[in-house]
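The structure appears below as structure tokens.
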Amino acid sequence: MTLPAETERKLLERVTVLANDRVTEGVGLLVLESPRVARVVRPGQFVHLRISTGTDFVLRRPFSIHRVEEDRLHILYQVLGTGTRALAEKRRGEEMDLIGPLGHGWHIPDGVAHALLVAGGLGAAPMGMLAEELSAAGVAVTVAQGAPCADRLVGRGVFDATARRVETATDDGSEGQRGFVTALVESLLVSDRPDIVYVCGPEPMARIVTAQAAAASVPCQVSLERLMACGIGACLSCVVTTRDGQRRACVDGPVFDAESVVWDTSEIPPKH
Amino acid sequence: MTLPAETERKLLERVTVLANDRVTEGVGLLVLESPRVARVVRPGQFVHLRISTGTDFVLRRPFSIHRVEEDRLHILYQVLGTGTRALAEKRRGEEMDLIGPLGHGWHIPDGVAHALLVAGGLGAAPMGMLAEELSAAGVAVTVAQGAPCADRLVGRGVFDATARRVETATDDGSEGQRGFVTALVESLLVSDRPDIVYVCGPEPMARIVTAQAAAASVPCQVSLERLMACGIGACLSCVVTTRDGQRRACVDGPVFDAESVVWDTSEIPPKH
Amino acid sequence: MDSSKGINVDMRVRIGALELRNPVMTASGTFASGKEYADFVDLSRLGAVVTKGVSMKPWAGNASPRIAETASGMLNSIGLQNPGVEAFCAKDLPWLATQDVPVIVNVSGHSLAEYVAVAERLDSESAVDALEVNISCPNVDEGGMAFGTDCTSAADVTRAVRAVTSKTLIVKLSPNVTDVTEIARAVEAEGADAVSLINTLLGMAIDTDTWKPKLARSVGGLSGPAIKPVAVRMVWQVASAVSIPVVGMGGIMNAEDAVEFMLAGATAVAVGTANFVDPGATMRVVDGLEQYCRLRGLDRVSAMTGAVSR
Amino acid sequence: MDSSKGINVDMRVRIGALELRNPVMTASGTFASGKEYADFVDLSRLGAVVTKGVSMKPWAGNASPRIAETASGMLNSIGLQNPGVEAFCAKDLPWLATQDVPVIVNVSGHSLAEYVAVAERLDSESAVDALEVNISCPNVDEGGMAFGTDCTSAADVTRAVRAVTSKTLIVKLSPNVTDVTEIARAVEAEGADAVSLINTLLGMAIDTDTWKPKLARSVGGLSGPAIKPVAVRMVWQVASAVSIPVVGMGGIMNAEDAVEFMLAGATAVAVGTANFVDPGATMRVVDGLEQYCRLRGLDRVSAMTGAVSR
């Protein structure tokens, strides 16, 4: 199938907050009016958002595009630290600037008929647009989604609307199977026989899914998070170790061929 | 006359913005609900306001109390730099914290019958409450106020309501006499024969008024601005050179006996 | 401590002969002698009060302006203005003696002889629990930092003060050096019971309107959150270079910052610029440290000292 | 330049044999070779591009995490990851050569021999206008900062590189020293055409959740607005200690910051961390500097160099 190619040109766009609502405890949905980026962004790409204009915290924050609706970008975000706390304070009408679209998103190889999307926690964020594009292209989509509890199964709307099948696992059993999403993946790889696996979530989980897909001889792509300063390939803060050497998550990723990733200790430590 | 004494105890109070409106180009009036400080503050005292809760600019900002209305503090402020720009952004309902009441305010000696208040620009800020108390105590008040132009003659409301006479001078002649307020002072010292002069404004102007009062053998008090870190007497950043040595503007001032001030280069450089 | 909130945390730490009820001190020069903070701070809940620098004779300090705000920090060039050790003993000490808090006097000098004279004068004062010898003030022309940027002179001052005081002796180090561990080792060798660091980084700011330095003295000392990474690094380096306790400071605004310094190797911490931002900052650090330990299941605060993984 | 907006401002400045069309450079390591910024910056409007550090052999750099945000700043421990000078000459230089902007290559080494080898290799490249020898990288175990914290080794590197290059030679100084003027004088004496400063301050941050350093390498270099006061102070000190031009950097976010460095004594400035915040930051600094001069009635930007009053 032919999908539009990723744009080469990065834009600096001044955008307006159209909505910023709480989705569940600690998770928000930010809707930005960003016509130039909305037009060209591809699934799995991200934007680098300037949240503070003071000097208190100087770095931008990277966020995947969850969905695009006309000229609006939807961003699902988790409130973790300084930046996301400040982001949660943004009100309708406020302006920010972003750089985007950035990075190398999900790749949909020719001939894919059935895709398994594996999302752990906020790993659902970069997968909304992917599910939409796949289903629009006639690919059957199965989603395996895990979270600590039912509330945290974010992004359900788009998955329910696009996927043929959505399976869930929660740590506390409040919805779906109790336990880890990897148990679902194990059985779905057998029952659904996907041609491809897309995964995003905590690195230990992504690593297991990578191994599961490899064992089932199914190609797998993974979206990785790294600390990013520039977001555009210049500073080398975001490197991922791969079989082909060190790659920059911001331009060579964030989506990588999972088999090429050398899992090391460069992941971002989880927060309490 | 007996006026309540300055309180010894400093309070840290969490206050709510009740209003924050533009008064004229670059000047705002902030109204804070601050019941504990409002109850005890005396004319010429100030509060030390925490505008940012981030680390971008760490210091508090000192502001005089212009007036008190029940449990509300009125602060007249000029937008100059980082802190006052952020202050101008504060909206009704937002909270801040302040320390107050601080410093040694205006002193009203026994037997004063006629006072001349000299205000240059924002020097009117700490004089509202003074004019009110003087007039409530039966002291005849004359105000000599100067500003670059008519618009900048801030605090007029309270002066018109309390003073027997208000004379103005503007640099551009848009209201009152064209020129400096010091010319008004020269003639008012003769015509109105005040027992006391209170002055606040740019230091070169305050210095001239001090000399004028001295020449006329009228006691004079001046309120001085210094850069302040702690605001409570601990850091020694706010020293004023006086005949009795170095004094801290935040606790020994901001109001000083004008004759005791040794005018040096410690004033804050004016902004463009 | 409410046992329903979990374990009791032993907050005590030891600096030389001094046992502190908790690791939280005030940073010299930011808390005067504490009286000014009495409306906001229960002094008896502090680990120790560290006073403003005290010299033999009264010092007038530097010309104004003496401070300038910078990104996440401030510059100061107060210049150790103080009324001299006699006035300190007459006015501040008696008040401090009634406060049920260990008193550490910060000792300044223009010359080696002045350091010694101040230390000697304080030795007989029972209200003084320890001395912190400031060989790192960037704000005086002679003395101050000059002593703290060279191993030999740092050692000389320490030796000379050690000889005249029986009190716990803390030497305060300058960050404006190539190798802080070298200075730390030199003062340890001469009998310092502890080192404290960092004093301020030498900095400057220029007013682009007036084309004048923002400080009358041109340069001054940078403090506040901006310098915390430099301070944590130096504490970490020094803690593994010496075996005496380290008092860590530089940009501590809250309990989490204090934890960072303790993990880096500090036995105690001092809160400076934060007192200007929030006059009750020390109390919040004390409470927050205890709370942190409780949440992490630590039964003594000192378990954090140097516990950062390598 | 629109004459209706006032006087024409001569924005040119000179660094050694190099005339720059304006004083605004990129700070090494924050701009790669410029290609990544081409969507945001008109390279031909820069004073110069200063490349990421280039070594003889490819370097892998340090383990991740390599950055940590701090109050008004950031730590990095990239560790001079680069593909080596041959790859640089093959891939980056040809592109840079087409960009109509002076090219300053930042030279790294683990050893004196490596600095010399890189400089020698670049001497024949006509697309290279100047070398900036980085003797101040805090992020490599051997070499790097070790050369820049000692007068003798700083002089040695400068002498050796001077001997093999005819290009304008800039030596980049470390702020992690007791006396930066001493090092500046030492490299001036050995033939450096200019000095640039400051490189990053050595710092550390610890994760209070994991009790691990935030950087895999434990320590890294602090940059951004937090360090500006230290940088301005050092530029001011060095500018009066040497007679060669000074390139000032450290926390420049906007034109006003650039003015501050020029007043302190910088002939040119470099913009680093600000590129991450705003990829078009350099353009805003160029435009803002010109605007500032116009508003102040200055007909040449160089009139500001060292003009702070004493």
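Labels for the chains are A, B, C and D, by order of writing; each one numbers its residues from 1.
To be clear about the criterion, contacts are C-beta pairs under 8 Å (C-beta built on N, C-alpha and C of every residue); 3 or more make two chains touch, one makes a residue touch a chain.
From a predicted model like this one, the values you see are computed outputs, not experimental measurements.
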item	value
Co-neighbours of subunit C and subunit B - touch as defined	A, D
Of B-D and A-D, pair with higher C-beta contact tally	A-D
Centroid comparison with subunit D (C-alpha atoms), farthest chain	B
Distance from the mean Cα position of subunit D to that of subunit C, given in whole angstrom	34
Cα-centroid distance, subunit A relative to subunit C, in whole angstrom	47
Touching two or more other chains - residues of subunit D	71-73, 212, 224-225
For subunit A, residues contacting two or more additional chains	55-57
Chain-level touch network, classified as line, ring, star, complete or other	complete
Footprint of subunit D on subunit A - complex, ascending	9-12, 50, 55-60, 82, 99, 226-227, 229-237, 239, 246, 251, 264-266, 268-269, 271-272
Residue ranges of subunit C touching subunit B (in the complex, touch as defined)	29-32, 36-37, 39-40, 52, 60-61, 63-69, 71-74, 76, 78, 81, 207, 209-210, 212, 216, 224-225, 253, 273, 275-280
Contacting residues of subunit C [partner subunit A, same complex]	71-72
Complex interface listing, subunit B residues touching subunit A	52, 54-57
Complex contacts: residues of subunit C adjacent to subunit D	70-73, 75, 149-150, 176-179, 201-206, 208, 211-213, 218-219, 222, 224-230, 232-233, 236, 251, 256, 259-260, 263-264, 292, 307-310
